[in-house]
């Protein structure tokens, strides 16, 4: 529901996040095994992120080590953690991320096991020789060699299924980095995350790849934002493809989005330049959408632009049954 | 609406049903004429059920007699009854089921006549020579030779259209087996079933094959569960294809689902092994879904996982008009 | 929402309508120019109607005169009137209908002009030589030769656009036949029809052929039934294709449906026998649906079978806005 | 929800707008670069408008000057303004429009920048040699040579992004013409427009071409009409394709619609005659729809014809959340 005649000669896409000011609210979500997409792997991703002024969240299952990626470009980095059963290993991983200059720790909480991935299995997907999760070498026998869902058992060497809120408390004691929980959908979990000291929440359903028929992240966002009540930033990923998606996603407290597949497409097509271009296209579209919506300052965008976000709409967090 | 950080290192799919503990909540619904799918017919089905730890509900219109099937494998068996006009015959059938070790009696109440089955008629479907309803030989002249819907008359030798709640009372006096009513959709009928002494209710619309545009079983389930109020177990069949379907179907009191077509596909492809594999795939998927939903114990899963099950949602039993 | 265990060994499809008892509730709606479908035209339709025990509503724009059709078979006949600008002609038409034994007069009120009929125009449709509206010969110069929508003007010789409630009053004085209004959708119009002395109301949107995006007749039915409150019968046409459609359409006071296209298909394929077969298929399906719904007596079927007909549903007459 | 028996022998499509009486409520929306569609360009459009009795809103980015178009035919003209950064130029443009006999000024307020136009870019669209915005020659260096969305920047020479309500006030002082704001969707903006002295409001989302996923104009219309409360006329464009669309669109105070693409199709096919025919088809369809709805006078048509426009419907302006 755009507004008119508000003077949009200057547009401000800046975004305050974890004490820093970002030029724009587009972050690169953690994605594994970037070597599958481009021969330079995470190195290219990092250069593209730096050139586009985007935060890059390094994946635990990157095909290059944290240090190599950090050295490749002056990108602003966060580190995503798949919590490892071996707590000493986990601790060492955190230390490496801190040492490499990562500014936040993103704990994935929505993947205690992998979901059914029929297409992967039907395609007989296996990691090619030479592609492995470098950061996790040494964590367990099988871990570095990839992972996939199996009919015969659901547990994977990758994920620790015993993760609880107590683990979160333990983790906070191991690091000075702000801790962001990724994969929260239920408002009660978001509330508890804030109480547990999370510095931010990423509303996500893992790109729809883990649990089929899980609620869409954008549908879950408003109620989470209400539960969090602005105490910490609420980020969002899943399906952000156009600038208008960014304008529509901010809930109270949500000031940034993450993209995954789109930058991988750019990476596959044109390496670092492809990553950069995808982000810049989105930011340009975001500016256009902000101008056309009559909201020249990103930080001021509220939910009133979006129908269905009011007190009786289908996405209304107060509407228990929908 | 999955939950996170709940510790899902151990998953418990067990299910209490009619005084017994099942390893998992997947039952094999009664399906007729299994010889049409595999040369070993119900014998293969029973072996697959036993190997998968699944209850098999024997059909009245099986192509092998109760005794032969029971002898084929140590499967846990229930017996499904199409009530016969000849009550002595019905009584003898019950005695055979009891003697063969069946542990429950499932009375189909949704088929007083057959519905319009256009595709069967258009295809000119007839039972092949040598395939007949062995259990019903002697019940009536035509009965064992199959049945199909006809334009000229709706009554079938298979079904007694005069079935009423009084027949249910009579039936209860003929057997010590717990009586489960299959094919209930209306909450008032469910309530009456409990009052009539049913030990369980199967919410079902006969796989959508009898009455076109009947309500989907999963849509009818919540209101039935409310009406039954936990007094007897409420099972469910119709459309269960993935583990997530099982997680979503339990209503208060519903602790098990039935599958029909899926295990027939397995039977057709690979006999007993195919039946077993289909069940095991579902159970593995169920475990994965339980882990990803943060609900490690099947018996604890409530409706709060499912949107639309609240007080104002479209599946809300309290919402009279939807 | 079918009910079970109600004893459906005997099914009663009888229907009281305008003081007569019909064997079943399927009436043949008025359809013009039957010669287009079969060389015997309305004669075949009448024989099929008689053989199927169905009321046939003769169309004003039939290709055979009322008398010829009435002589062709002992069908129960009603007469449908497109009111003619020439009132004397209209009066003579009524007299012919009465003399031929028609038992009710159906005034079409939803066609003061014809709607845009793009497909007719694009196909260049014209009545073939020798096919004309026999009953209307003499009513006006052009009338007997067909009619179609034109870009240049909307008035047709067929319809009198000045028709009002006063015309209805005038018409009632010209005939002893009960007057049924066809084409009512708005509850206020239905209420007024009863006050104007209508003996029945047919909820119809002219098969969706006159006014595009008009409300579907079945969606309009419940509110009309509430408005009429059982004072006169409420019939329904539009989209009745299966027995289940008949079970679902009765509102309080609605006890019969009309079919149009389906019997024309039968007529085109097999003449009188085709008409008969289509009706009998529907009646058989109706019986099957009644048995499967647990409603053995047509007259007892209420709206509680149909979801969305309650106090808060989308078809709820009390829900003003939906 | 059509009404019946209301006497529709005479139909009145007249429409009062800005102190004048129009024969019918179909206006030609401003569309740029008509030379792209027909070699006679806006000259043909004006002749078609005159022949069809339709108001033509001349576009700022027409390919013929205001004066040439006005001289081509005695059409009733309004002038659409893309506000120019150079206010003197804007003033001269207004003077030209007034001098050429334009009777209203339409300020486009929904295009401070152009939205993402992927298809234009992918097609590599550029204005052909010799096609330019004649009215704007001299306004800025680039302006007359077309405009398109670019990845690298969102501002266009065409539009002044600094437009605010103050600009509207300034504009009112420069002209005696009634000022109509085009591109309003939010009720608050409509209210403010009335307070700012607008003589009319056009509810529009720029044909869906600027801001993807913007609310449809017809969905926004009712709430705008309520906000305006009849103080000024509320026009509507976007998706009007049939006469029924016109009957359905009037909200309280909305008495006219605009078409864009449809008349361009006519222009492309047959020049002035094509434009005329498209309008006349719509007006004939409008008459037919008015007759079939039982509403012989356009000015009397209210929202009660349209479901969903009541107090609880999905388009209900009182339903905040939908």
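Just so it is clear, A, B, C and D label the chains in written order, and each chain counts residues from 1 on its own.
Everything below uses one rule, namely that contacts are C-beta pairs under 8 Å (C-beta built on N, C-alpha and C of every residue); 3 or more make two chains touch, one makes a residue touch a chain.
Keep in mind it's a predicted model, so treat the numbers as computed, not measured.
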Size of the rotation, in steps of 5 degrees, that lays the CA trace of chain A over chain B: 90
Chain copies touching (chain B, chain C) - same or different residues, decided at half shared: different
Chain at maximum distance from chain A, centres defined as averaged CA atoms: C
Rounded Å distance between chain A and chain D, as computed from the means of their C-alpha atoms: 43
Where chain A and chain C are represented by their mean Cα positions, the distance between them in whole Å: 61
Junction residues of chain A - those touching two or more other chains: 319
Each pair of chains that touches, named by its two labels: A-B, A-D, B-C, C-D
Complex contacts: residues of chain B adjacent to chain C: 109-116, 149, 151-154, 161-165, 167-168, 181, 183-186, 188-189, 205, 210-215, 220, 319-322
Interface residues, chain C side, partner chain B - complex: 1-9, 11, 242-244, 248, 280-281, 284-285, 287-289, 291-294, 307-314, 316, 319
